[in-house]
Amino acid sequence: MNRLTLTDVSLKVWAVIVFVFLFAPIAVIIIYSFNEGRLLVAWDEFGFGSFAAIVTKPAITDAVLVSIQTGFIAALIATALGTMAGVALARRAGKWAPAFLILLVLVTVTPEIVDAVSLLPWMVFLGQDVGLSMFDNGIVRLVVGHSLFATAVVAYIVRSRLVGIDESLEEAAADLYAPPFKRFTQITLPLVMPAVLAGGLLSFTLSLDNTIVSAFVQVSGSTPWPVYVLSAVRTGLRPEIAAVSTIMLLLTLLALGLVAYVLRRAGDSATDIAKTVGGG
Amino acid sequence: MSHEQPIRILASTSATKIMKSELNRRRFLALSGAAASAAALAACSTDSDTGSATQATGGDLESSLSVYSWGDYDDPDLVSEFTDELGPTVTFDAFNSNEELISKLVAARGTSGYDIVVPTGPFIPQMIENGLLSKLNLDLIPNIADMDPDFLGRDWDPNNEYSICKAWGTTGFVYDKTKITRELTNWSDFIDAAQNEASGKTSVLDDPAPLLGIYYWANGIDWNTTDEADLAAAEEFLTTQLAPHISAFDSYPGGAAIPQAQHMLMQSWNGDARIGIMESEDPDRWQWVLGSPDTELWMDNWAIAEGAPNPEAAHAFINYVLTPEASLRELDYIGYHTGGTGIEDTARAEGLEMLDLVFFDEEQISTMHTQAIGDAQQRIVEIWDKTKASAGA
Amino acid sequence: MTTTVEGRTAPPRKAPSKRPRWLKLPSFALAIPAWAWLFAFFVAPVALVVWFSFGYKPGIFGTHANDVLSFDRYAEALSPTFFTTFQNTLWVGVVGTLICLAISIPFAYWLAFKAPIARRGILLAMVMIPFWTNFLVRTIGWQIILAPSGILSEALQSIGMLNEPLEILYTRTAVLIGVVYNYLPLMILPMFVAFDRVSLPMREASKDLGAGRWSTFMNVTLPLAKPGIVVGILLVYIPLMGDYITATVLGGAKGNMAGQMVANQFQTAQNWALGSAMAVVLVLTILTTVGIAALVAWLAAWPLRANQRLVLGDKS
C-alpha cells in the first residue's frame, strides 16, 4: 500500500499545480500591495505607502465597515431563518415540505443578476409607494439582498446534519416533559451547532463577496467594499485596494483560526467543519 | 490668453443649441407624461417642471456630505483638507454613465441620499424637468467668481441656476507607435487601423454616444442626427464592420490598459489618456490623437440633487473646490480643464506635464460638438447594446 | 447532500413509534419565518420582473409600462444579436464547468485518499483561502499575471518558450481561466466530502474481488460520490451562468455574458421590460440545461449500473 505508484506521484503533482493555480493571483495581489506607484497594475517601487493611504481615505474604511456590518447582520438573519427551516425539514417534514424545497431550489438556481434586478424595483416600491421607509436604508437593502441565497444554503446544511443524527435524544426530552422551546435550545440546537456555525460562516463569506446584488440595491453612504472595488476597477485600481485586501486576508485567516480553535474545543475538527460547509 | 478664445466659437453655436434643447424639453415633457400614467413604479415626477427652490440658506454645515460622481474624479487630498477645515466628512459613490445616474435618482424619487451629483451638460435640462436637481444658492458659492465666464451660462443652464462646470474634455484615441508604424491622424485612420493591424487589439469607450461618434465623425455625418437612415447605417457598420475587431469596451483605458499595453489602439478621453501615458513605463511609445475631423466636447457639472440631506455642506464643498488653488490641484489629479479663470497660465507656470492633452486651441475647439439628447437616444443605446453583443460573438 | 460527521454515523433511523406531544404543533411552524422572508424578498420581486417582461419601455425616462401586454420583449431578447450572447454564455458556462470538473476530480480524490490525514483539514482550508479575498481583486491579480507585459508573459519569454508577448488577455481563454479560478473551490469542496464518505472497506472489497484501481474508481468510488459531484456541478454552473464581472474584466469584449446584457438594460438603457425578459430567458436556459444534463446522466448511468452489478455481484 505504501509503495508510491505512478498514479500517486501524478496525483500529487496535480495537487501541487492546483495549489499554485489557486494561490498565484493572491500572491501577486499581496506583492503588489507594496507597490508605491499610482496604479496597482503598474509596478513602480517597493514601499508601504498604500497601507498608509488607507487611513487617509475614509471611503475605503467606510466601505469595508459597511461590508462587515452587512455580513454580520445578513449571516445572523440567514442563520436564524435557515436553521429553523432546516430543523423543520429534517424533523417535521409534512405535506408542505416538497413545496418548500422547491422554493429553496428556485432561490438557489436563480442567478444573482436576476435577484438584483428584481430587488431594485421592489425595494423602491416598498420604500416609496408602501411607505416602509426602512427599505430606503442602504444596510437594510444589502442585508435583505444578501440573506436570500444564504438562507437557502443554511437550511440545506442544517437539514443534512440533522438527517444524519438520531432523533432519540429529542424524543427522550419530550418524554421527560421538557417544554418545546427548552427542548429546541437545549437539545436540538447544540446538535446542529456545527452546521449552524458552518452556515453562518458561509453566509458571511458570501455576503462579503456579493457584488452584483449590492451594486443594484445600495444607496448613498452605504457602498459595500466589493462595489467600491468594482467602480475603482473602471477608473484604474490604486495599490490601496490591494493593501486592504492583504489586511482583510490576514484578518479572515485570524478569525478562521479562532473559529477552528473554538470548535476544536467543542469537539469538532477543522476537517469536520469544512466538510459540514461542503455538505451544503 | 488662449482660454478667452473659445468664447466666440462656443457662443456662436449656443443659440441654435438653446433652440434644440428647448425642442427636446417639450418633446420630453410629452413623453414623460405618457410614461407616468403608465408606469406604476419608479415613475418620474412630472409635477415639478422647474425643479425646486434651493434648500440651503447659509446655516451651519451638516456633519457629512454624499457625492455621486464619476469614478475617481476628485483629488482625495483636497477632499480630506476640506473635511479638516470645514468639518463634513465626504463619501463618494461612483456611477458609470449619465443614464445610470438618472435611473438611480428617478427610482429614488428624492430619497437617494445623495447631495452632490455630477451630470454631463446635455442631460441637465431633462433632469431639471423631472425634478431631479435642486436650485443652487449662488450666494453661498461666491467663488464662482473664479470661474472663467466662457464655461458658465452654457445652453443647458444659461443662468447657472442648477449647475456649475466641474470639468470638460474631449474624445480622441491613443495608439502604440511600436506596433502601428504609420501615422494615424483622424477617425478614418482609427477605423482602418482597427480593421487591419490593430484588429482584436482595439478598445472603444463603453459609452453609447462616442461609440456611434466614431462612425459619424469619420463619415462627416452630424453626431446628433436623428435620421433613421443614419442610425441604421451606423448600426450596420458598428455591428458588422467594427465589432469583430473590438477587444474591449473600456471607458478608462488610462487606468490599466495603457500602462499595461493591453491594446494597440484605444479610444479615450483626453484626461484619461494623459494619466495612462504618464503612468506608462515608456510614455514615448504612445501617441495621442485628438478626434478629427470632428469630435466631442463634454462638460460635467456640479449640481445638487433634489432632496439632498446636506445642502449646506454641498454648497460649501462646491465653493471650496472652485478656488484657483483647488481648481489647479483638481486639474493636475484628473487631467481635465476645470474651467477656472487663467488656469491654463497657472498650470503652464507650475510646469504640469503633458498639457497639450488638457488645453486645446481655438481651431481644435471649433471641431468639438456637444451632444444633444433627443428622440434617438433610445435607439443609440440599442445600437451600443447590439455592438457589444456582436463583439462578444 | 447529506453530511455525516466522521465517527458519528447514525444508526438507521427508527420509525417513530409514537408521536411526541410537541409534534402536534403545526409541522411547518419553524419554516414559517424563512417561508415568509423568501416570499417577501424573492417570490414577490421575481414575480414583478416576470410581469415587467410582458410590458414595454414607454419613452426616454420611462423604464417600463404594462398597459399593453405581449411577448414582444421575448422576441427581442431572442433576436439574432442577443441570441449570440446567450449562446456564448452557455458555451462559457458548460466548458467552464467541465474544466472545473476535470481539475477537481483528481484533486479531490488526492485530498480524500492520498493526502496525509493529519493535514487534510489544513489543505482543505487552503482551498477556501482564495475565497476570502474579494473576487474582483483576485481577478485583477490574474489580469496582472496575464497582461502582455505581465509576469507570465515575461517569464515565458525569458525561458524562451515565447518569442513575443503573451496575447491571452481579452480572449475566451482568459475568460475561462477567470471563471474556472473563481468557482473551482465550490466544486472541490462538495466533491471532497463525497469522496471522503466512500468508505475504505467498500473500495477494498472491490479490490478483493479482483477489480483494478481504475475499475474500482469507475465502478465504486465515482458512483458512490455522485451526489457530491452533482452538488459541485450545480454550485459552479449556476452562478457562472449569471456572472458577468469576471468575464468582462478578463475577457473585455469577448466576455460579454447574458448577465451583462440584463444589467445593461437596467442600468444604462433603462429598459426594464427587455431586461426582465432577458432575465427570465436566462433562468429558463439554466433550468432547461440542468434538466437536459440530468436526463442525459440518468440515461448514461444505465450501462454503468448494469456493469456495477456484474462486477460486484450482491456485494453492493
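Which chain is which? They are A, B and C, in the order written, and residues in each are numbered from 1.
Definition applied: contacts are C-beta pairs under 8 Å (C-beta built on N, C-alpha and C of every residue); 3 or more make two chains touch, one makes a residue touch a chain.
Just so you know, these numbers come straight off a predicted model, no measurement behind them.
Enquirer: What are the mutual neighbours of subunit B and subunit C in this structure?
Expert: Expected: A.
Enquirer: Which two chains have the greatest number of C-beta pairs in contact?
Expert: Here the largest contact count links A-C.
Enquirer: Which chain is most remote from subunit A in terms of Cα centres?
Expert: B
Enquirer: For subunit B versus subunit C, what separation do you get between their C-alpha means, in angstrom?
Expert: 39
Enquirer: Go ahead and note the Å separation of the Cα centroids belonging to subunit A and subunit B.
Expert: It comes to 38 Å between the two C-alpha centres.
Enquirer: As a quick test, compute the distance in whole Å between the mean CA positions of subunit A and subunit C.
Expert: Result: the chain centres lie 16 Å from each other.
Enquirer: So which bits of subunit C are touching at least two other chains?
Expert: Residue numbers touching two or more other chains: 143, 147, 266-267.
Enquirer: Which residues belonging to subunit B are in contact with no fewer than two other chains?
Expert: 41-42, 96, 107, 256, 260, 281
Enquirer: Among the residues of subunit A, pick out those that touch two or more other chains and give their numbers.
Expert: 41, 120-121, 125, 233, 237
Enquirer: Which part of subunit C faces subunit B closely enough to touch in the complex?
Expert: It is residues 57-67, 81-82, 84-85, 88, 143, 147-150, 165, 169-170, 252-257, 260-261, 264-271 of subunit C that touch subunit B.
Enquirer: Help me check something: in the complex, which residues belonging to subunit B touch subunit C?
Expert: Counting only subunit B, the residues touching subunit C are 28, 31-32, 34-36, 38-44, 96-97, 99-100, 102-103, 106-107, 126, 130, 200, 203, 208, 239, 243, 246-250, 256, 260-263, 281, 373, 375, 377-378, 381-382, 384-386, 388-393.
Enquirer: Where on subunit A is subunit B touching in the complex?
Expert: 37-39, 41-42, 56-59, 62, 120-121, 124-125, 127-129, 136, 138, 218-221, 223, 231-237
Enquirer: Quick check: in the complex, which residue numbers of subunit A touch subunit C?
Expert: Residues 7-8, 11-12, 14-15, 18-19, 21-26, 28-29, 32, 40-41, 77, 80-82, 84-85, 87-89, 92-94, 96-97, 100, 103-104, 106-122, 125, 144-145, 147-148, 151-152, 155-157, 160-161, 163-168, 170-171, 174-175, 180, 183, 194-195, 205, 208-209, 211-212, 216, 225-226, 229-230, 233, 237, 241-242, 245, 248-249, 252-253, 256, 260, 268-272, 274-280.
Enquirer: Show which residues of subunit C lie in contact with subunit A when the two form their complex.
Expert: 1-6, 8-11, 13-14, 16, 20-23, 25, 27-31, 33-35, 37-38, 41-46, 48-49, 52, 103, 106-107, 109-111, 114-115, 120-122, 124-145, 147, 151, 181, 184-185, 189-190, 192-193, 196, 213, 228, 231, 234, 238-239, 241-245, 249, 259, 262-263, 266-267, 272, 275-276, 279, 282-283, 286-287, 290
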